[in-house]
Amino acid sequence: MRVAVLTGGGDCPGLNAVIRAAVRKGVQEYGYDFVGFRDGWRGPLENDTVPLDIPAVRGILPRGGTVLGSSRTNPLRAENGIRRVRENLAEQEVDALVVIGGEDTLGVAARLADEHGVHVVGVPKTIDNDLSATDYTFGFDTAVGIATEAIDRLHTTAESHMRVLVVEVMGRHAGWIALHSGLAGGANVILIPERRFDVDQVCSWVSSRFRSSYAPIVVVAEGAMPRDGEVVLKDDSLDSFGHVRLSGVGEWLAKQIERRTGKEARTTVLGHVQRGGTPSAFDRWLATRFGLHAIDAVRDGAWGEMVALRATDIVRVPIAEATSRLKTVNPSLYREASVFFG
Amino acid sequence: MRVAVLTGGGDCPGLNAVIRAAVRKGVQEYGYDFVGFRDGWRGPLENDTVPLDIPAVRGILPRGGTVLGSSRTNPLRAENGIRRVRENLAEQEVDALVVIGGEDTLGVAARLADEHGVHVVGVPKTIDNDLSATDYTFGFDTAVGIATEAIDRLHTTAESHMRVLVVEVMGRHAGWIALHSGLAGGANVILIPERRFDVDQVCSWVSSRFRSSYAPIVVVAEGAMPRDGEVVLKDDSLDSFGHVRLSGVGEWLAKQIERRTGKEARTTVLGHVQRGGTPSAFDRWLATRFGLHAIDAVRDGAWGEMVALRATDIVRVPIAEATSRLKTVNPSLYREASVFFG
Amino acid sequence: MRVAVLTGGGDCPGLNAVIRAAVRKGVQEYGYDFVGFRDGWRGPLENDTVPLDIPAVRGILPRGGTVLGSSRTNPLRAENGIRRVRENLAEQEVDALVVIGGEDTLGVAARLADEHGVHVVGVPKTIDNDLSATDYTFGFDTAVGIATEAIDRLHTTAESHMRVLVVEVMGRHAGWIALHSGLAGGANVILIPERRFDVDQVCSWVSSRFRSSYAPIVVVAEGAMPRDGEVVLKDDSLDSFGHVRLSGVGEWLAKQIERRTGKEARTTVLGHVQRGGTPSAFDRWLATRFGLHAIDAVRDGAWGEMVALRATDIVRVPIAEATSRLKTVNPSLYREASVFFG
Amino acid sequence: MRVAVLTGGGDCPGLNAVIRAAVRKGVQEYGYDFVGFRDGWRGPLENDTVPLDIPAVRGILPRGGTVLGSSRTNPLRAENGIRRVRENLAEQEVDALVVIGGEDTLGVAARLADEHGVHVVGVPKTIDNDLSATDYTFGFDTAVGIATEAIDRLHTTAESHMRVLVVEVMGRHAGWIALHSGLAGGANVILIPERRFDVDQVCSWVSSRFRSSYAPIVVVAEGAMPRDGEVVLKDDSLDSFGHVRLSGVGEWLAKQIERRTGKEARTTVLGHVQRGGTPSAFDRWLATRFGLHAIDAVRDGAWGEMVALRATDIVRVPIAEATSRLKTVNPSLYREASVFFG
């Protein structure tokens, strides 16, 4: 049995842990051979491979990123993409393909498995934790940890100068990182994409915090948006639809708070540091288990399925089903957190 | 409604997060009054209290330990203990008591609720993660993170000198910390209390690691024990039953490895640093949610019940049932990890 | 003897360590009384004080920020500022004033001491490490550590996607943080305010890094500027002098690199997280020693002087002299680092 | 010019940074060739080498340990040791040898340079910071940081249980790590090898701390010793001279404190984690500069000299002189710290 592995989409702490676990178990327990495809779907599309054996995965467990490289290349959008992928899989004599990726990358995997009978097993990957089939995805805990540490740091500087600090964290479509890091960091306001926010309400929470002689921290997901009515249409930080641009909601909000409350406000955009560096212990454990179970899925011929976490168990679910629905923050969870606002 | 809170047993990162969340929600949403008992059950036994309101819980979320103090005092073993506790609860006009603790502390809580009708709600706490009713307890993720970071550090010194490093971690009765930190840290051998180990097998794994030009890391839970036959009876590191003393298995094992493999071996006992300091983001999130849901249990009059984590939900279970059985490492989980041994 | 303490300017990890050490030594060894002025020079200007004794400084050593608050208020620019400060010092019966601050805050202290005979002792504070009289200032080591950790994280994401990552760090007038964190983080380009950069040269280093199959990290101080000729005058990221705006050099540079090399480039602006949170061990040690020696300076009546680090010794220098010249990065140090460029 | 490099003695964070900097500068600026000797002096003694070029040093800057391996092999104690070293240097066509090590390793280097005319340049390395010729050695700042973080953690557990925590840190002959981490961690007692301690005095400080309702942290260097008179001769933790065994002073002291004060006391021995893992930013900066300047010393033919830090400059000093005297903690520094005792 010859197994190929690829990692697609944005990088995420834990990718290397998946690769290592799959190779260790595949080689040692089942005697499989491995080959790596470079840069996500670009690898099988352009037949670009890298050797993958036990020496190649030594020492990579604690390292962020992916030794296989990644890209957003989509064979469905390339000319004869699916055909070229299938030909190259054949040329590489690949019996099974382990695909580690998010919605887009796994979407291709589902098509290949369901429509073309390719022997594909999936491993879910999204730092945003917004895949519905799994309780958690690896990388998320690391990102939350980094954001929480940043919020911890910002508390002291906010207090010393009695100013508002707005922290913009990752999360275009789901507010999981904002919710978890905001709760863990003791934020006074948490804003998520799932629920449009009312700037006046935000300012009221901010002012209330100052009344108890503390300075407020506002955590805002990059995809959070104000209610329509509140947006001044001519503002140049708006996109063509009159919405605040996703990349700039933190800065926009800080300006609004300054204008409306008269308090000094500063923004910090955490950006790429949230997805880099060594994975947390939780993410290493989860990613390692995903890798081990993905190889068991290969052994069992569970094509078209992906591994997922349910409580403390690793289970299998159809890739197609798993990637069809975004897992957003439940309103009751958000309401639960709101006791700390203000 | 006047609610008392106490924290009992060994300290654990996240205790303050529970207290803060309970007080914030109780005061703000339900208008409750709070009072803290000092040092676990010693507080209600000796009527030793501390004021507990919103100013008292400001800024404690990221702090380890417990602002209420803790102890292992057990009113069941004190003269007229239960009677004195009930009298002091009455004197303090306490309508409900939130008890945060492990098996022993919660055991008392269950007795008070079930046999004496005291209005008790429980919050599970054990850094060892060995309570059967909940997927995880807070403090565990922090301890695993600290142990993993230590293992990461030891890898480089092991490689530089080509010596064996034995890391003794917490876990008298269950090997969860050893399993998770060993897996996350890339240990070459993991030994847990649930399964007696064979020193020859350990030495064989150690030697195999050296053959691939790497130096082995052995993670051993403090409660792990060798098979009976292997223990030299007169060895002064044995207790009166001829077993290796719990506190010294790491050092004992390092000596055995040196003697049998001829390789230099060193021991590191992580000890109390595993339970101190700021809680991880995961533990702050879990502990905060436990605190919020404990107050909802008070509101609902769910006496004799405790909060617990099931997947990503907080549920309620009877305290008595929850504390009756130790949650040990499943043999299949341990076998899963063994692919990395050697 | 009654000693007042104030902290002015931007907050900086280590301020609390100075305050604690001064109070501990002053009270315990010399029997002094203390009083704190709030928010830098605003405190003595508006007679706003806070009690300062040993209980008030318990537990503040590891905490970032300043328990006394800070501001950029300058009594020299307030009506009758100096007179009001002197009157309030008299009303508070202050015999000596310990001023912890940077160039501006200490400048006022020097004027008060030299022109008005006020009993002032100074402690230097600048996270940028750009005060000429001292080898290091506290806060700098912490900031460099945070920036280095961020660069470490960004390496893995840069490699995985083979893109350029530009990291903008603090440093308006001096490149110390950029130089130290860039060197420690293994950056491939370091740009500092002391030396205008040539975008073509930067792009050449960037391209050279890609040729060895690695992805480049560019560390740029917020005050770094390109050579004049390279700036497109109509670019809206320029200020009224046609220079790149200080706050945006990272983003500007990333765009230039993308345009000129055809490689994807991303920017991370570290911002306020660099100045928050717990001080590093080095900064706690330095700040503590500054506090101890400042009180010895008070005892010795060394008015108008400030403490400074020379190698491993704490010495005294005239405040006026110490704040008159910016300490910039020596060209030979920058050349030393350039062996790692490209 | 062909340059050999070796690393000897205990491993230390920063060794790889020295190697990388030396190779980068030597190859890129001066066109030198490099070769690595394995495992300290064992390499040249047994002619065991490893290739050393720019690809070999990529990515090693943040890694602890040493890619060249280390040992305590001493050619002065091997039969014909010096002759074999010289023959192997000749066989490898080595023109210059960069020796990175502590007192013992550099002692051999000094002999080779001074008595046999070997072209040797030294780089000082001791995690204990006890070499007299340099203000700091790399690895020390990392070790102090790890110890300080551990002390931070132990504070919360000490307070929660109102018990004494004794932390044993590295330092057989000099108390630098104990002094710096104790000061930075807010320890209540610091004990160093330079000054025998009085157990009654320690107990008095411990008791005084409890009187202010806080729990004490005692930091003790592994080489610290009680005054002779205080040692109970029959105690089995004493060596044959009636002294406390070096490895066990922490545990011995905790027992003494329990016995004399009646307070519970626990010991944590930090051990090898202090010397492992990624170097701090300060250590990476210092080690990198040592590597760059060592190659300049090679270029200048400064045989028999080693690089050293003086304030913020790198200077050269004769190896023989530099290693002849231990740098111990100055009594005035220790007295300065004592204001925090009790």
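General observations
A, B, C and D label the chains in the order they appear, each numbered from 1.
As a convention for this text, a residue touches a chain if its C-beta (ideal position, glycine included) is under 8 Å from a C-beta of that chain, and two chains touch if they have at least 3 such contacts.
Composition by chain, UniProt nomenclature: A, B, C, D = Pyrophosphate--fructose 6-phosphate 1-phosphotransferase.
Given the structure is predicted, the values throughout are model-derived calculations rather than measurements.
Least step count on the touch graph, chain B to chain C: 2. With each centre defined as the average position of its C-alpha atoms, the distance from chain C to chain D rounds to 30 Å. For this pair, chain A with chain D, the centres built from the Cα atoms lie 41 Å apart.
Separating the CA-averaged centres of chain A and chain C is a span of 34 Å. Annotation for chain C: residues touching 2 or more other chains are 152. The chain pairs satisfying the stated touch condition come to A-B, A-C, B-D, C-D. Interface residues of chain A, counted against chain B in their complex, comprise 21, 24-25, 28-29, 58, 61-62, 135-136, 141, 144-145, 147-148, 152, 180-181, 183-186, 212, 214, 278, 280-282, 284-285, 288-289, 292, 310-312, 336, 339-340.
Here chain D touches chain B in the complex through residues 10-11, 13, 15, 63-66, 69-71, 146, 149-150, 152-157, 159-162, 165, 266-273, 275-277, going by the rule given at the top.
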